[in-house]
């Protein structure tokens, strides 16, 4: 099921084809996953989304590629995005995540969610020493 | 403001004192932040929470200490826990997070939240290739 | 799958039949979607929920019908309600949402989620000028 | 701070006065908390909201009053509603919640949030035996 | 689908077997639901998670067993955890939840979510009287 | 409080100055709100964020400016972003939102959140007719 009809031949649109070609070249694979196929219903949205993902996730930066995938999985879990949990868990594995690291990531997300609830339940005032703003 | 009254002299309770002592020893500081002070209203809850945080966050593991803090911040942002965002941003800085990494973490959490919404809006079906379960 | 068993012949209950009749009359269709069929396990809950939906969504008001559906979709996306994203996307289309508007709505929800995370990550203090409360 | 200006003399509006009088009578107190004062900017919204809260929270039902407050607090914590966590924690105490129960509620919400994240991270398929829908 | 491959013969691992045996003994059933089967990919995570669930959910405490399940369902709904809503609704039924109580719980969670949104939309300041912290 | 120190003289950085100048020109005001001042700690993040906000919110499109602000407020409420609720409520007022529309928006977000919880609690299967994907 989906809320948009996948475009029958998306690469007939030259803008879509250019994005798909860049995805294939960047990831060195012929596989285009469903998110991009569905976003193809609006080529401009597809272009902007891919450009942003590529710039952050497929470009060397101050955080290493696996760390970025771990953060991506964590956000996707908390937002309850089933598709994203699946796709980024696969991506993290492709970038070297071990089963031990996967289990530790889960434990960490679960712990953070737990202490988030405790701090919110208690309405703990922020310690003055944590304020970087003044 | 808070939903519980901070205990006047929390370390008069020996279980609370033992936890606070362990926090000080583990973190090598005299500072006990408000979350622990507020949790002291229930020594058992304090003990269990600290034991779990210590085991995951203050023990060498398959993820390095800074990565763990980055994941913790990410979860705390998505859960909207103001206290936790403050405390773990401070912790990440203490473990070496640079301003460039901080900015990149924010951009990453923001991007993940963005594509989470797109995938949920599209109700994209999960690609079969992502399934590790069968 | 579901957490309640759909009632075998829901309209045997006169209260359920009255609600279903009103849904059909209001929407000018014979189709009753699954949410109402499942809510029929408790006629009072069904009545109250439909009354509220009808009053806000099927009654002329200060916001036009399409705008109301767009807001409904936005909330449903952020809450991660798959059923609601599907049903309200269909409803928005029935009320004239174009593919361009759909893409723009997605981009907008994604952008709002993104800046929400940035503001929460930064813990930006609210500008005094935004305060309407004093 | 707030996004609406509190009405200067809200009870000059007879509909607002009727709601405030009913709140005072129902709760047997002269105190009207800020949520109702702020909702008074729109008397119809105030009326409908109070009617619903009164019907569920101040009317004998299949769940006892304290259980209802505990559920209310739990939802408010997960939704990150600071105001609601404060007001319903106070309400739960007024209805007899002990410090031990408060601590247990927090531990329970934290545990549920934890296993929610684990199940979402694992994308565990629902056991057929849990399906009540067929 | 799932993000981890279920272990083929999980009870070949003695730590997993011990947890599964304890689940069976505690719940007096031979049935092990999928969450535990999937967590078996990491025996330490399985052990810690079950120990915590058992301590809170299967041990007499200040909250009765049904109340604890109701709170668990509420948190799971707001977190959008499909698996958890299913498993804890089944558990609540096993502990005596009636259809009337189920309907009331849904109405309650829905009402709490509603007033959470109103308070957040209004940015209502917390009444001083609710502050337990000073 | 904040997690980053506001830059003392942000417009000494020419990239920051260019963004601030564009904000002033686009909005026809001298006022730069705190989100932009805080984002100035990373000029690249500031530039990208403003470019995206400007492209969607300050450029004529298929959705009118007020509708876009209403959707922005809705998302910000559900994400619990206090800063964003404040800033976009002010923006919506500046674009003509009346008090009646504001009240209706709140009622609508609250209703959507309510039915989101009901559909999630019931785990209602999506009607085949809503599927646009096949």
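For reference, chains read A, B, C, D, E and F in written order, and residue numbers begin at 1 within each chain.
In this text, contacts are C-beta pairs under 8 Å (C-beta built on N, C-alpha and C of every residue); 3 or more make two chains touch, one makes a residue touch a chain.
Everything numeric here is computed off the predicted structure, so don't read it as measured data.
With contact taken as defined at the outset, subunit C and subunit F are each touched by A, B, D, E. Of all chains, the one whose mean C-alpha position sits at the greatest distance from that of subunit A is D.
Look at the CA centroids: the one farthest from the centroid of subunit C belongs to B. Of all residue numbers seen at the subunit B-subunit E contact, over half occur in both copies; the interface is built from largely matching residues.
Distance between chain centres (mean CA atoms), subunit D to subunit E: 20 Å. If you average the CA atoms of subunit E and of subunit F, the two centres end up 34 Å from each other. Within subunit C, contacts with two or more other chains are made by residues 1-4, 38, 45, 78-82, 85-86, 89, 100, 105-107, 109, 111, 113-118, 120-123, 125-126, 130-133.
Across the interface of their complex, subunit D is touched by residues 73, 77-78, 80, 82, 85-86, 89, 105-106, 109-111, 113-118, 120-123 of subunit A. Listing the residues of subunit B that touch subunit A in their complex gives 1-4, 31, 33-35, 38-39, 45, 49, 52-53, 56-57, 61-63, 67-68, 70-72, 74-76, 78-84, 86-87, 89-90, 98, 100-101, 104-105, 107-109, 111-127, 129-132. Put simply, subunit E touches subunit A in their complex at residues 1, 3-4, 41-42, 44-45, 48, 79-81, 133.
Contact residues on subunit C toward subunit A in their complex (touch as defined above): 80, 85-86, 89, 99-100, 102-103, 106-107, 123, 125.
The part of subunit C that touches subunit D in the complex is made up of residues 1-6, 38, 126, 130-134.
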